[in-house]
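As written, the chains take the letters A, B, C and D, and residue 1 is the first residue of each chain.
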Amino acid sequence: MISGVKPQQSGQRAETTASSPGDAKLGIADYLRVRQRSEAICAPLEIEDYGVQPMADASPPKWHLAHTTWFFATFLIKPHQPSAKPFHPAFEHLFNSYYNGGGEPFSRAKRGNLSRPTVAEIAVYRSYVDETVSELLAADKPPALQQSLLDTLALGLHHEQQHQELLLTDIKFNFGHNPLYPALIATSEIDSMAQPARGPSCENFQSSGASLEQDFTLFEPGLVDIGAQQGFCFDNELPRHPVYLTPFGLAKSLVTNEAYQAFIDDDGYSRPELWLSEAWAELQQHSRRHPLYWCWQDGQWFEYRLDGYHPLVANAPVVHVSGYEAAAFAAWSDARLPTEFEWEYAASKESNTSGNFADSGHLHPQSQHQDHSQMFGDVWEWTSSSYGPYPGYEPLLGVLGEYNGKFMSSQWVLRGGSCATPQDHIRRSYRNFFYPKDAWQFSGIRLARNP
Amino acid sequence: MISGVKPQQSGQRAETTASSPGDAKLGIADYLRVRQRSEAICAPLEIEDYGVQPMADASPPKWHLAHTTWFFATFLIKPHQPSAKPFHPAFEHLFNSYYNGGGEPFSRAKRGNLSRPTVAEIAVYRSYVDETVSELLAADKPPALQQSLLDTLALGLHHEQQHQELLLTDIKFNFGHNPLYPALIATSEIDSMAQPARGPSCENFQSSGASLEQDFTLFEPGLVDIGAQQGFCFDNELPRHPVYLTPFGLAKSLVTNEAYQAFIDDDGYSRPELWLSEAWAELQQHSRRHPLYWCWQDGQWFEYRLDGYHPLVANAPVVHVSGYEAAAFAAWSDARLPTEFEWEYAASKESNTSGNFADSGHLHPQSQHQDHSQMFGDVWEWTSSSYGPYPGYEPLLGVLGEYNGKFMSSQWVLRGGSCATPQDHIRRSYRNFFYPKDAWQFSGIRLARNP
Amino acid sequence: MISGVKPQQSGQRAETTASSPGDAKLGIADYLRVRQRSEAICAPLEIEDYGVQPMADASPPKWHLAHTTWFFATFLIKPHQPSAKPFHPAFEHLFNSYYNGGGEPFSRAKRGNLSRPTVAEIAVYRSYVDETVSELLAADKPPALQQSLLDTLALGLHHEQQHQELLLTDIKFNFGHNPLYPALIATSEIDSMAQPARGPSCENFQSSGASLEQDFTLFEPGLVDIGAQQGFCFDNELPRHPVYLTPFGLAKSLVTNEAYQAFIDDDGYSRPELWLSEAWAELQQHSRRHPLYWCWQDGQWFEYRLDGYHPLVANAPVVHVSGYEAAAFAAWSDARLPTEFEWEYAASKESNTSGNFADSGHLHPQSQHQDHSQMFGDVWEWTSSSYGPYPGYEPLLGVLGEYNGKFMSSQWVLRGGSCATPQDHIRRSYRNFFYPKDAWQFSGIRLARNP
Amino acid sequence: MISGVKPQQSGQRAETTASSPGDAKLGIADYLRVRQRSEAICAPLEIEDYGVQPMADASPPKWHLAHTTWFFATFLIKPHQPSAKPFHPAFEHLFNSYYNGGGEPFSRAKRGNLSRPTVAEIAVYRSYVDETVSELLAADKPPALQQSLLDTLALGLHHEQQHQELLLTDIKFNFGHNPLYPALIATSEIDSMAQPARGPSCENFQSSGASLEQDFTLFEPGLVDIGAQQGFCFDNELPRHPVYLTPFGLAKSLVTNEAYQAFIDDDGYSRPELWLSEAWAELQQHSRRHPLYWCWQDGQWFEYRLDGYHPLVANAPVVHVSGYEAAAFAAWSDARLPTEFEWEYAASKESNTSGNFADSGHLHPQSQHQDHSQMFGDVWEWTSSSYGPYPGYEPLLGVLGEYNGKFMSSQWVLRGGSCATPQDHIRRSYRNFFYPKDAWQFSGIRLARNP
């Protein structure tokens, strides 16, 4: 359910500007701004890069650009301007992601086989839909219709922002598996606090000089309210409801590469007692024994980042770990992952939701400075919570009801956004979800513990 | 953690007798009684039936008999009588189920390949271990050691009871997939309230005359305590902790075959909007479009039961549905599955935990009579809760820590016990767990809804 | 073994021109002509089309362009001009197809993931290698070295021609599985003898009016010589050796679409007695029940061709059938497939090897006219012969020994070339080989029978 | 085609006795003798051993006993005594191996799931069919019918003999993969010429003192006749036809364990140039790097044999190698495998077909003594020939046509019989066939080479 259909309170959201996609006063300028950002992300790509799908989960950039357009064509134009001619009849099938109620989607794993339509044709498709949406927004309508239009517009823009993050993670997956390691952005001194990871000849473990011990903030037990309050949100963040929390501690900082390296060096990947049963079985089938994109070469760790292939930074947050790895690291640390409720409650104590988001242009997590909690941005934080419905959850009506609800099994919740998330897309109540085996998102670790 | 190691409160558990496996006064008689029941379950089997493993999840009866014995040999005899000679060195490997901390287990999927040791040899193994355990229990020991021994004994007996249920479900899976449909027990008039399911020529739907509408008991919102209170329990039922429940309704009866038939007839298996995304994908890969063991023949439904192949009983509870099927049925009913907390809270209002358990000898769910809730026994009830740790959860120490905790991902909780569960094995706080795709347990459906 | 290293006989090969790749007087002009043809085939492609790999067997066009270049770089430049700087160190790995002796090849199934190097970069790679080869050919060398160079040159050009055919079949596989059905070449009246296949309302079967009965040429028994005689050939065509043939008949024409349609209509795909055991098992797993690229729509058969999507032509040769389908059709026809020796012997009686090859530009098999046998061109003809070594077979020395010999298991021989084969690439002794399940080559059927 | 339906020549077959299954005077005594041998093979088994199917290809002993009985019930009793009551209707489905023309066979890979019917019930089935067959044989019939009956009887008995060998290989596969290594027969001094394989501390390679160099018999080129001549044979051995052989050499002895050990020690399993492409791919997926049943333990090689687990015998023939391994060994030896025609021609020069067959009771290949060629018995000898039809091949009529012909793809021919073959089952023209990846038959290596 899009909260926009409910009366809004007057309180201001500190973390978003007046024109964020969740704002009731959304207009054509907001629409165009968000749409153009998708294209800006892809600007450095070669034509060849737009079509590649190196795994079923990592869709081609071209497909993302078309699918987000399909979303507006299907859920905004079709119902609000039924007379509009579809751009191309086959596109309704080709760029439907998973909405069975909207006809049979084209096979997910075969998106990378579609050399046609071309990138140029998809650009025309985008323009065609953008024009129609602009006309729709400009037209006079009764207030109820106008509100319904704006609700769907907001949803479509947040949807496009989700795919902006996926564009980055999917491009990274492609480039990071190509032996030529192409870079999406120029290399720069992106991390002002960076310390080199220990090399082959270091004698003592903590090359950064920092302690690997975590400091924890302690929280008292009690009933807390969980879920979205106002402004735009997805249906899965509602309804806001009470949850009882027992006392817990939450780490004041993210787990670093250096700490994760200690886990590896302590044979973390060879000790079944640290791993969930499913995780251990998965581990026996695959060879990865380090975060995705790490590479051991010439006696030291390197990491592929969107700005190229570089030596690992010791005190930067570890990123691209699976939920299984996060849980095993936590077990090794004699700690655990937080629940999503613990995380959200702690987040409610943060003064704002600022952080290292995609807007900073780094596109990589940064080392902590000045005790900033890094609760928002940098890396999505794995929680121990299975992704499920809140009590009283109601999916959106109609085909859009497939947006979130049908994925509520076997996945885990992640919180807080990452360096690839648009800043005005995130909120304290935001629930991201992936399978615990997945590591290609910018996912990291914050520890929790019992008091 | 076995609660027995903690100080017990004086309150009495209504549902267990003085000699239940959870009792602090457990003795050799209890041990032998439970052990002999495993053998009694297998008594009607032919030698050939002991070795079959028709799917990786359904272990051979012979293996169950050996593995439960291995459990006592490994966790009770080895630490408490280290000088005892192992029965056979290879058995430590062959009959280890999944305890990586105890050496590499023999491959799960290959248990059915072990024609040796023979059934007779495993009987000797059982006798050998039973004798040693008897001697251990009879010996004088310091009180702390004695308590530790009794705690492990209680765990071992509950473990054996779990495998007694698996013996029945695995034998059923074998017999139910053999074209000869052998019966484990004699056919009898087991269901006194049974009504025939509608045949091919019935004109109106409700052949039982009963309404398919569900009555719901409504529960008020509030904080409730969840988890085990006293007596034996598994570590996953602890610690007892407060949970806030929003208002909900829970059905007064189980979903019947007749109601499930209406779901099938209404094309329930062909409507993606009713199914979780994973469930729909699973459905496209497999052909089953009805509960496991149902068979459409000559214009009517039949069902394989442990007493043979019979026409379906209309008003008996539907059984052998997967969690996916249960959730889809609930969606079709405009309802949902209860959470495990809702279920446990409602169960706390039941005056006792009696019901149709394995002790009745029916080995099949029975039709409701006299508004009995059937909360306990008959069928395990799928909940919407992912199986996870309670706040403050601590696994048992050592290798036994692998008993429960490492399975806390991707599985769903089921509650209440079934017609294959020993009566004194169940409690209100008991958490069973299986993958939502699984249907070979005696699993059924109780609906919940928002008020 | 390249026959060029052996003394050549003076006899003239009727089927090749003076400048064919097998000619001892090969020069730079021949090299550039063959190389440019690869690029000409790709000229109509969009950049997006160069990178797609819709199945593991169908490599991206870009990869073919690079791999054929790698072949010259590895086997011609490297040994003959060791001082030459490699174009890019990673390319030796990326574009190695299967020569384990030349380092570990990049994973075959992942060629489509390589968005880099770009098409433009590969064009530069081609130019770089072409220049070096040109210089090499122009340089003065001792005669023995010169001969060795020319032998490898001939092999490299035949290799490139093989990939020219694969370029066409792989592009067709991509386009033919894209719902937009792009065409590589313009539609034209390509088949002067074409007759429409019967539509939905036709009453009698043979819409073409032609008889589906096959005429056979009968051959007497006796010892015949099999294998290459002179000019260039692959090592698998040698040594020429005697084979004893029992009497046989070989069909005077190829099996037509119309005849194959009759097989389909006669439930050919549902009768296990017509199929090899492996073929029947394969059939139960996949859904195709007609030649690849056929599509039943609006009550009639259509076919995707490289010039687009068109109604099926009744009397054109059936194409894109697997060896399994060819054998089943033969069994249904109370006939069999010819052995490769029968085929070659019959081919030796043909006055020339002319036919509908890629040079005609049709890129699709044509209907028979004037009793032309169509032994050469149009479609590769499945034989019943497993691909194996001739008696006395010797692979090329060194890494090039992996060219042919290591594939001599489980594949079937096809003969005669197709409408996608360069005309001067074919010879009577030419042995093509694919798995009997494969259908994406231009493969068709000629029947044989016992007298 | 059963040659018995053709006029027999008067010549005597040296290698069979008057009452062999191929004899025209077959009677009830022959039938009972062959049938009883199947039961004798199983006599040492425990009931548990009868039901195990450790891989899809290795059927349970119980199933073999039932299937061979089904064969007589289906192909002999049903047509010749249509009024006979089937023993059990479900058995026609359960024990049909692969004859699609006889109804849908029960799933091959699930034979091991059938705990029922029991071993005792199958014994009753066998008796029932044996009685009916005895009556049929005793009854008066017109000569044509009698001949047809005898032809099918001969086929059924040879079929049963084939399954007698499979009983041994499948039991060995089961026992050889059980960590308890049960023995089928008592250990004895079975190999009078056996020499111990070198242990860990041996300094020079050839512990047996024998040369690993092979002696070859040379054969002149020419036309030879291939195929069965008289007496019983399978349809795949006909028609006898001329084949032209180029000159070749055939090794005078089988490849020994010692020689194969040298191949292993020379990194034979790590050198792709020695392996067929398919074989190398297979090798990368599986971990076996030695013959099946070899085990490296405490610094020396052991081998599981049907008489238990023993140190490897140096000069005994290597056994249980796949065709891929045989071909790789041959390449390493700078030799090749013989074609099946070369083998048969050489075999025609042997004075008789005696050797170490199952009748000797060793059930394991024996070391060579006194230059005996060991062409017959000991091990099946892999040839380089793909299994295909002889020119003019005609399958048996009706459902029995599925016996051989439909397997003529992707398999390789083996010749000569093994230590598990009944002696009167073998002939010079006998063609066995398995996939080149298979190693669980008693398969070994004899080298050939070009002159």
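By our rule, a residue touches a chain if its C-beta (ideal position, glycine included) is under 8 Å from a C-beta of that chain, and two chains touch if they have at least 3 such contacts.
Just so you know, these numbers come straight off a predicted model, no measurement behind them.
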Using the contact definition stated above, find the chains touching both chain A and chain C.
none
Most distant chain from chain A by Cα centroid:
D
Centre to centre, by mean C-alpha position, how many angstrom separate chain A and chain D?
60
Rounded Å distance, chain C centre to chain D centre (Cα mean):
38
Which whole number of Å gives the spacing of the CA centres of chain B and chain D?
47
Chain pairs in mutual contact under the definition given at the outset:
A-B, A-C, B-D, C-D
For the complex, give me every residue of chain B touching chain A.
98, 100-101, 223, 241-246, 248, 272-273, 275-280, 336, 339, 384-386, 388-389, 391-392, 401-402, 406-410, 412, 436, 450
Under the stated contact criterion, what part of chain D meets chain B in this complex?
46-54, 62, 90, 93-94, 106, 110, 112-119, 174, 177-180, 182
